[in-house]
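What follows is a pair of complexes built around chain A, which joins chain B in one and chain C in the other.
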Partner chain A sequence: MLALRDLQAAFAALLEGEDQPGLFDAIVSDTISAPARLRVHRHHVAQSLTGALAATFPTVQAIAGEAFFRTMAMEFVAEELPVQPVLAEYGEGFPAFVSGYGPAATLAYLGDMARLDWALNLAYHTPMVPRLAAPDLAGLPADRLFELKLGLAAGSTLVRSPWPIDRIWQAAQPEAPEGMVSLEDGPAAVLVLRRPDDAAFASLETSEAAFVSALAGGTSLGEAAEAAFSVEPAFDPSTAFARLLALEAFAAAQHEA
Partner chain B sequence: MKPVVGIGLRSPHLAEIARDRPATGFLEIHAENYLAPSPARGTLERLREDYEVSVHAVGLSLGSVDGLDEVHLDRVATLIRRLEPALVSDHLAWSVLTGRYFNDLLPLPYTEEALGVVERNVQRLQERLGRQVLVENPSCYLAFAHSTLSEPAFLAELARRTGCGLLLDANNIVVTAHNLRLDPGAWLDGLPVTAVGQYHLAGHAVNDADGEPLLIDDHGSRVGEGVWALFDEIVRRYGPRPTLVEWDTDLPALDVLLGEARRAEQALGIEANARAA
Partner chain C sequence: MNSTRVAIASALAAALVLPAATSQAQGNMEKCYGIAKAGKNDCQTAKSSCAGTSKKDAQADAWVSVPKGACEKIVGGKLTAS
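Right, the complex of A and B next:
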C-alpha cells in the first residue's frame, strides 16, 4: 500500500510523462484498465493547460493556427508546469520557448507576438493606479520639468521588435479585414498599458521608444530626451511628452503629506 | 443562504450580465480567476452590489499531503474579504505537489491517512477564512485498491471532524457511479443532512476507454436527464439547497444557461428568482 506522499509523487511523475507501473498496481482495474483510467487525467492536464496558454496568447494562436498552437503549447507544458493555481500568471517563459521553437522558425516574429500577448496579459491583471495628468505639472518651470523622473504606470511594458508587431497584431484580430502585412514594415515599438476597462498598446516612433525606454530605466526627462536625440536628431521632446501624458502612461506623482 | 438557483459567471457572459442584470439567485465565480485586480474583477465587484456571490475555489488542493499553499490561501482570503460571499467551496481532491500545479482535480485514496490530511487542510482553510467552507464530491475516473472508506463515508466523517459543509454535485455522483460501477442512489445513503449546504448541476461527456463508455465531467453541455433524475432524489432526501448550474466549456448563449437554472428551480420546488437588480 502506497503512503499518500508516495502516491502523490508517483501520480505527479506520471502526469509529467514518466512510467509508473507501481501506480497502475494501486488502481482498481476491471474492463477499463488502470492506464486507460489514468489517461483521463493526463489528457485533462495537457488540454486544460494548453487551453490556458491559448487564452493568454490569443494572437500567437490566431497566427499559428489552433492545431500548430496546441502542439507547441503541449511541448511547453511538458517542460514547464504552473507553479501556482492562477492560470493568468502561467506562461511567462512561453515567449522565449516560442522564439526557440524549431517548427515555428519560418514565423520569425512569433516569439515577439508572444511577448506582446504576455505584456497585454500582465497589464490587464495589474491594478489601475492614478495617472499623471497635465494639470499636475502646471506652474512647473521648464528647467525643473527636465529634472523630473517620472515612473511609467504599473503594468506598462515597452515591447520592441524588428518586425511590425503592431500591424501583425491588428491583422490577427478576429474582426480584422483580409489583408497582408509586409514584414518590411518593421521594426516596431509599442507601449502596452493598463486602461480602466482593458489593456491596450500604442505604437511608438523609434525615438519615442528610446525616450520611454530611458524613462522606464529611471532617468530624468532631460536625460531621456538626450537618449531620443541620439536616435533621431529631430526628436521633439515636448510633443512626445504631451503624447505620453495623453496616453496616461505615467503614474501619478507621489505627493508628500 | 436561501435555496435559490445561481449561474456561473464566465468571462464571455460578463459584459452581457453587467449590462442586462438577468434575474438569478446568485453568481458563482472561480476564485482563481478573480485574484488579480483586473477590469473583470472591477465588474464583479460592481455586480456584487446587486447579487449574492458564491466563491468556488479550484486550486486550494485540500488533499495535498504537504498542506495548503499559504501564499495562495492569503490571496483567496483577501478576495473573500472583498466579496463577502454567501458560500465558499473547493473539492475533495488534490492538484499541487511541491510547487507544481496540475490544474486537475486529482483523486485521493479514501483512507484514514488521507482523511487526516484533508481534515488538517480544511481546518486550516476554515481558520484562515474565519468561516465554514463546503467540500465538493469530485468526479472520479479511478479508484485506489487500498481505499478503506466509501467516498460518502469519507465526506461524512470529514464534515463531522471539521464542521465543514458538503457540496453535493449531482453530475459528479452520476459520473463517479458510472465510472466506478456504483449505485448512485446508494451513494446518497447516510450523508449528514445538516452538513449538506449546496448542490451543483452540470453536463458531462461520454468518452471511450478500452472500448467502454467512460463519463467525463466537462461542464460542456446541458444537464443530462440522468442527472436531473438523481437531483430529484437528492432534493427528496436532503431538501432544497442553493443550487448552481455549471457550464464552463462550449459556453452557450446566456439564455440557455438561464433556462437550465429555471428547470433547477422547478426541481427544487421554488418560485422563480426575483429580478436581482
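Right, the complex of A and C next:
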C-alpha cells in the first residue's frame, strides 16, 4: 500500500501524463478496471481544463481553430495543472506558453492575443469598484493636479504589442465583417477595463499608452504627460486625460485624512 | 513651476471641463461579449465531458500542427516559407 504522500504524488504525475502502474492496486477494479478508471479520470481532467482555457482565451481559439487550440491547451495542462480551485483563475501562464509554442510560431502575434484575452478575463472577474470622475478633481489647483498620482482602477490593464492586436481581436469575433488585417498595421496598445456588465478595451494612441504606462508605474500626472510628450511631441494632455476619465480608467481617489 | 509645467498643468485642468469628453470616449471602445456569456464554474464542462466518456485516454491530436481559424484573415504574419 502506498503512503498517502506517494499516492498523491503518483496521482499528480498521472494527471500530467505519466503512466503510473503503481497506482493500480490503490484503485477499485471491478466492472471497470483500475487502469481504465485512471484513464477516464485523466481524460475528464484534461477535457475540463482545456474547456476552461477555451472559455478564458476565446480569441486565441478563434484564431488558431478549435482542434489546434485543444492540442495546444492539452500540452499546457500537462505542464501546468491548476494551483487554485477556480477555473476562471486558471491560465495565467498560458500566454507565455503560447508565445513559446513551436507549432504556433507562424502566428507570432498569438501570445499577445492570449495576453489580451487574459487581461479581459481578469477585468471581467474583478469586482466593480468606484471610479474617479472629473468632478472629483474639480477645484484642485493646477499645480496640485500636476503632482497628483492616480492609480488605474482594479481590472484595468494596459496591453501593448508590436502587432495590431485590436484589429486582430475584431477579426476574430464571430460576427466579424469580411476583410483582412495586415500585420503591417501594428503596433497597438489597448487599455482593458472592467465595466458594469462586461469587460472591454479601448485602443490607445502611442502617446496615450506612454501616458497610461507612466501613470500605472506611479508617476504623477504632469510627469506622465512629459513622458508622453517625449514619444509624441503633438501629445494633447487635455484630450488624453479627459478620455481616460470618461473611460473611468482610474480608481476613486483616496480621501486624504 | 517653469512654463512647460504650467502649460501641462493647465492642459490637465482643462480636461476636467471638456464637454466633448464623454462622446469621445465612446468611440474606439470594443465591448467584449465573448467572455461575458460563458459560465465557467458550473457543471457544464464536467457534464459534457462525462457524457461521452470513453475508457480511452485523452490523446492530443499530434497531427493538428497547423492553425486553421481566423488567422487566415490576418496576413503578413506567416513566417514559414512554403
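Note that in this section the second predicted complex is superposed on the first by the 237 of 257 C-alpha atoms of A that agree within 3 Å, B and C clash if a C-alpha of one lies under 4 Å from a C-alpha of the other, contacts with A are read in each partner's own complex, and residues count from 1 in each chain.
Assume a contact is a pair of C-beta atoms (placed from the backbone, for glycine too) under 8 Å apart; a residue touches a chain by one contact, two chains touch by 3 or more.
This structure is a prediction, so every number in the text was calculated from the model and none was measured.
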- Task: Please indicate which partner A:145 is in contact with in the superposed arrangement: first for chain B, second for chain C, both, or neither.
- Result: second
- For A:24, decide between first (touching chain B), second (touching chain C), both and neither. neither
- Message: By the touch definition at the top of the document, which applies to A:3: first (chain B), second (chain C), both, or neither?
- Response: first
- Task: In the overlay, answer first, second, both or neither for which of chain B and chain C A:221 touches.
- Result: second
- Task: Counting touched residues of chain A, say whether chain B or chain C comes out ahead.
- Result: C
- Mind working out whether A:11 is in touch with chain B, chain C, both or neither, as first, second, both or neither? first
- Return first, second, both or neither, reflecting whether A:58 touches chain B, chain C, both chains, or no partner chain. second
- Message: After overlaying the two complexes on chain A, where does the chain B footprint on chain A coincide with the chain C footprint?
- Response: 32, 36, 39-40, 44, 48, 52, 86-88, 124, 197-198
- Query: Can you name the residues of chain A that touch chain B in the complex?
  - Reply: 1-5, 7-9, 11-12, 15-16, 25-28, 30-34, 36-41, 44-45, 48-49, 52, 81-89, 124-128, 196-198
- Message: Going by the contact rule set out above, which residues of chain A touch chain C in the complex?
- Response: 32, 36, 39-40, 42-44, 46-48, 51-52, 55-56, 58-59, 61-71, 74-75, 86-88, 103-110, 117, 120-121, 124, 134-135, 137-138, 140, 142-143, 145-146, 163, 166, 168-173, 176, 179-184, 197-203, 221-222, 225-226, 236-243, 245-247
- Query: Which of the residues in chain C come into contact with chain A in the complex?
  - Reply: 1, 4-6, 8-18, 20-22, 24-25, 28-36, 38, 40-41, 45-46, 48-50, 53-58, 60-62, 64-71, 73-80
- In the complex, chain B residues that touch chain A: 32-33, 35-39, 42, 58-61, 64-65, 69, 71-72, 75, 94-104, 106-109, 111, 113-114, 117, 141-146, 179-181, 207, 209-210, 212, 214, 216
